[in-house]
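Below you'll find the structures, each written out as structure tokens.
Note that chain A is present in both complexes that follow, paired respectively with chain B and with chain C.
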Partner chain A sequence: MKLAAYPAFTATAFQSRLAYRNQVWSGVFGELVFMFARIAIWTSVFSTVASDSVDGVTLPQMITYALLAGPVLYWDYSRLLRDVGTAVKSGDIAVYLLKPLLYPAYMLASHTGNFLFDLLTVTVPVAIIIGFTVGLVPPASLFHGLAFLAFWALSFGMLFLLTTILGLAAFWLMTADSLDWFFNSIMILFAGGIVPLWFFPDWLATIAGNLPFAWVSYYPAAIYIGQLDPSQALTAFIIGIVWFAVLLAVLLWLWAKARHRLIVQGG
Partner chain B sequence: MAIIAASGVEKIFRQPKRHAGFGGAIRSLFSREFTEVRAVDGISFKIESGEAVGYLGPNGAGKSTMIKMMTGILVPSSGTVEVLGREPHNNRITNAAEIGVVFGQRSQLWWDLPVRDSFDLNRHIYDIPAPRFTENLARLTTMLDMSSYIDRPVRQLSLGQRMRAEIAMALLHDPKILFLDEPTIGLDVVAKDVVRKFLAEVNRDRGTTIILTTHDLVDIEEICPRLIMVDDGKLLFDGELKHLRTALGSRRRLKLEFGSDPGPIALKTAQLVADEGAAKHFLLDSEQTSILDVLTELGSGHDLKDVKLEEPDIEEVIRTFYQNKVQAGAVP
Partner chain C sequence: MARLHVVIPALVHTFIRSKTEYPGAMVLGWLSQFAAYGSMYTAISLILARFGSLGGWVWPEIALLLSFHLLAYSLGASLSFVQFREMEEKVRMGTMDAILVKPISTWTYVVFSGLNIGYAGHIVLALGLMGWSLTQVDVTWTIQSGLLFLGYLVSAAMIVAATMTMIGATALVWVKSNHLYQIFFGFWELARYPLNIFPLPLQILMLTFAPLAFMAYVPVAATLGKPVPLLGDWASAAALLSGPLVTLIAMAHWRWCLRNYQGAGG
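Presenting the complex of A and B:
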């Protein structure tokens, strides 16, 4: 088995999505509605204060944060969770064991395809529409722009690991239906996807800021608008890498356990 | 050397006990009681390279469990399975590269993509050199008559078309062994026939070792010279299909028709089982007894009109056998 197979999975997943073109339109429409709702909320929040910034953040910055932390960084993980969950539930996961490949790597490759598809067909169009209608701000500086790209890659990896770990839990729970709901509520609070951590009470911001979920949405978006200075960004990146390594180890350990369970107990 | 060797293989599943009803469901949340299910119980056999073996048994006999152990996705509870000289579950990836597997009830094709794209993905997964891939694909497309639908998405195919594509998919990388778990399940007569003829040809011309599970005897008659029969996880028979009848101790039926009722007849060579007056049914004691022996013993003087010898239908034999659950040893 060559590594060349994994990019092929990415391409195949991308192609599979092309089969359902209507999903693209509903995706764009759904995200737009969601974005305009967030913009309306933040606009009304900012209109109640006398100054044009809240906690040092202006309204255009806040809208940019909402776009990044929402559609851009928080891609549709539920497809991944569902894929792992149903493969476990239906026993189709055995099919992947019949092929000379590593299942988590296969999942990463094929969901990179899904991610790229969503990025091109939903995220970029939504960002362009919001950019032209409401307006977005550029990165705080060149450093913040480049750091954002690095954090974005880390965010993708982090969300993949968190979701796959949760999906593998279906091995023990025999269903992933409730996990979707559970995960979403945790993410809403701890990832800062809707309310940024700087609006949290200090104690909660400290907790959330040190849990891996914050690297999915909060850190990349906050860095883009310049909420962290270069040394803070570097520290956050290092902690993020450590979390990434820990979660990767957890995933591989869990997969070994799951495989063992599958081959010993037959799923 | 044997390509597959199983010796004393056992597989025991521990299943959590579920209690019936709502109260029972609550109880199951807290109590962890297990029942043990012995799916495979002390099975041994050897399969040589190039053989075609049918693995037969009723539902729940442990057929799929055995296939899963040979393909490395289940570990035996005790005993050993060796495939191509390796323990499959400890060498999953090496083993996977050299075998092909088709599950009749699970698809390995990509649902939303044209069949061709799934094939192409397999080229990457198994790292098949381009010329060999092109050649195999062309050959399989012709043999399985797939050219009319190879560019259509899998979700639009009929079950028969899909099964042919599944089988082609499993053979693209020239596996040494092909495992099929109920490959003809749910297919119509014509599709079954295509699949059977194809598998027999692959076995004969390419020398691919074939192991298939089924509960359809015709599959075995047309593809597999050798039959392994299991029930309740135990080996009942391992040998050629034509020897099965003897092994299961079934006897031929002889029907004698007379012009008029000759009255009761008792014979040493045959046993009377049904008497309709002018027509009498006998069972022949052994394979050695011929009709001639019976007729000689019967002698002349009866108004004998017709003699009919019936070979027992093999399905009938197996059905009676399973129903009686006679514990026959393995007969070569």
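Presenting the complex of A and C:
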């Protein structure tokens, strides 16, 4: 299939979400509650220290970090995992194999549409509400702002690859139900979405900082608020690209294996 | 009317057998949920390790709060969540009509034909963390305080089951109600932290219209002898009575929704 055809899947996924308007306002509510819980926690713990900043980070920066590392960067990967799991469980995956398309590329196009929908209808309104009610800080500098955009793209790709690799495990396990929970348990701790790595003990921060999960939330958000200087940001970006290439190779290898492993129940 | 002491064990037995048909998936589910909650609690403990306390609560007290929250939730949700989340589908597909004509209470059938044993991972983690935290907090245990603690737990589980029932029942009238679970889980998320860290309007909301503060914070604060905003000395009595009160409201709502059920077609 020609590359130009894939954006059609993105547009279709976006349009199909328009049919579920209740999910939009309940999604906004869910993310707002999530954010206000984080804001309350950080406000409470920052009030226990004498100085304005902790480890060089002020409360407004911490709130901005929480918004970026949570709703902005950590998009709803469960939908992708569920789609792959359902396709394998129901046997619909066989239909995709008959079509002249690369299934992982189709999933990428489709979930880019879902991501854009959530970004425009949920994340941006939540960011605006938080910005007006609590306040958000701008990027630490122009460099940090531009670097954040590059890291954001890398973050999206990284979370997509990690989720799809995990989803393909359904070809062997015949279920993806538990994988969501397992993946969530890893991401909660190692992506830095809840607690930034600079609050980790040194040994744990070193481990987490070198695993690919940190490129999903921690590095992009930390760069935005200026926790990494330009040389550190560049090094982190290069390592992130290497992880991206490794994960992409793993995905393509796994997909080649999975196609030949496919068993459709009853067939 | 069928004899409940025969029918309920039969319904539960049938459902458990259907789940144990896939033992690998079942155990994997328990382990994965255990890992996810364990990971979240580790993240919270990292904040406490760095800052010392959260709203005046130190780690063993927070651990008791988290474990109480998880145990109350899993006990209440095993009787309600998955069962009532499927209510929307039952209404839409018309299968609710078949349940309504069964010679057994509709609520009893819905709850016990889907009694969720998938919460075993939650319960094991909650009991383990609670066991550890109870040895660390400064509480003098007597038979009376032990019974009171169990009463708090039952009351908190009743709040969960009653709220889930109300959301599910709403589907009988609105057809769609699953988006309300997202709102429930929003307050559920807030309920696992000390209430005093939130702004006053949110504290009032969580003690009145969205009473999930009674799911963990109020009973645990009463156990630890910590001051409870707005309730003061009434915290213990309120923690005990909130569950039965929400249950009575849920019963009235359930009956009203059943009376006004017209199917998805109107």
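In this text, the second predicted complex is superposed on the first by the 262 of 267 C-alpha atoms of A that agree within 3 Å, B and C clash if a C-alpha of one lies under 4 Å from a C-alpha of the other, contacts with A are read in each partner's own complex, and residues count from 1 in each chain.
Everything that follows uses one rule, which is that contacts are C-beta pairs under 8 Å (C-beta built on N, C-alpha and C of every residue); 3 or more make two chains touch, one makes a residue touch a chain.
Since this is a predicted model, take the numbers as computed values, not measurements.
Trainee: Give one word, clash or fit, describing how chain B and chain C relate on chain A after superposing.
Mentor: Fit - chain B and chain C, as placed by superposing on chain A, sit side by side.
Trainee: Quick check on the superposed pair: does A:Leu149 touch chain B, chain C, both, or neither? Answer first, second, both or neither.
Mentor: neither
Trainee: Is A:Ser16 touching the first partner chain B, the second partner chain C, both, or neither of them?
Mentor: first
Trainee: Just checking: does A:Leu211 make contact with chain B only, chain C only, both, or neither of them? Give me first, second, both or neither.
Mentor: A:Leu211 sits against neither chain B nor chain C.
Trainee: In the overlaid three-chain picture, which partner chain does A:Val246 touch, first (chain B) or second (chain C), both, or neither?
Mentor: So A:Val246 meets neither chain B nor chain C here.
Trainee: See if chain A has more residues touched by chain B or by chain C, and give me that chain.
Mentor: Residues of chain A touched, chain B against chain C: more for C.
Trainee: Is A:Val195 touching anything from chain B or chain C once the two structures are fitted on A? First, second, both or neither.
Mentor: second
Trainee: Answer with first, second, both or neither: which of chain B and chain C does A:Ile238 touch in the superposed model?
Mentor: After superposing on A, A:Ile238 lies clear of both chain B and chain C.
Trainee: Name the contact category of A:Asp92: first (chain B only), second (chain C only), both, or neither.
Mentor: first
Trainee: Contacts for A:Ala256 in the overlay, against chain B (first) and chain C (second): which applies, first, second, both or neither?
Mentor: Once the two structures are laid over each other on A, A:Ala256 reaches no partner at all.
Trainee: Is A:Phe182 touching the first partner chain B, the second partner chain C, both, or neither of them?
Mentor: It touches chain C, and chain B stays clear.
Trainee: In the overlaid three-chain picture, find the nearest pair of C-alpha atoms across chain B and chain C and give that distance in Å.
Mentor: 6
Trainee: Kindly list the residues of chain A that each of chain B and chain C touches, one partner per complex.
Mentor: none
Trainee: Which residues of chain A touch chain C in the complex?
Mentor: Within the complex, chain A contacts chain C at residues 22-23, 25-27, 29-30, 32-34, 36-37, 40-41, 43-45, 48-49, 54, 173-175, 177-182, 184-186, 188-189, 194-195, 199-201.
Trainee: Under the stated contact criterion, what part of chain B meets chain A in this complex?
Mentor: 13-14, 65, 68, 71-75, 89, 92-94, 96-97, 101, 103, 106, 108, 110-113, 117, 120-121, 124-127, 153
Trainee: Where on chain C is chain A touching in the complex?
Mentor: Touch list, chain C to chain A: 22, 24-25, 28-29, 31-33, 35-36, 38-40, 42-43, 46-47, 49-55, 176, 179-180, 182-183, 185-187, 189-190, 193, 197-199, 202.
Trainee: Spell out the residues on chain A that touch chain B in their complex, using ranges where they run on.
Mentor: It is residues 1-2, 4-5, 8-9, 12, 15-16, 19-20, 91-92, 94-95, 97-101, 262-266 of chain A that touch chain B.
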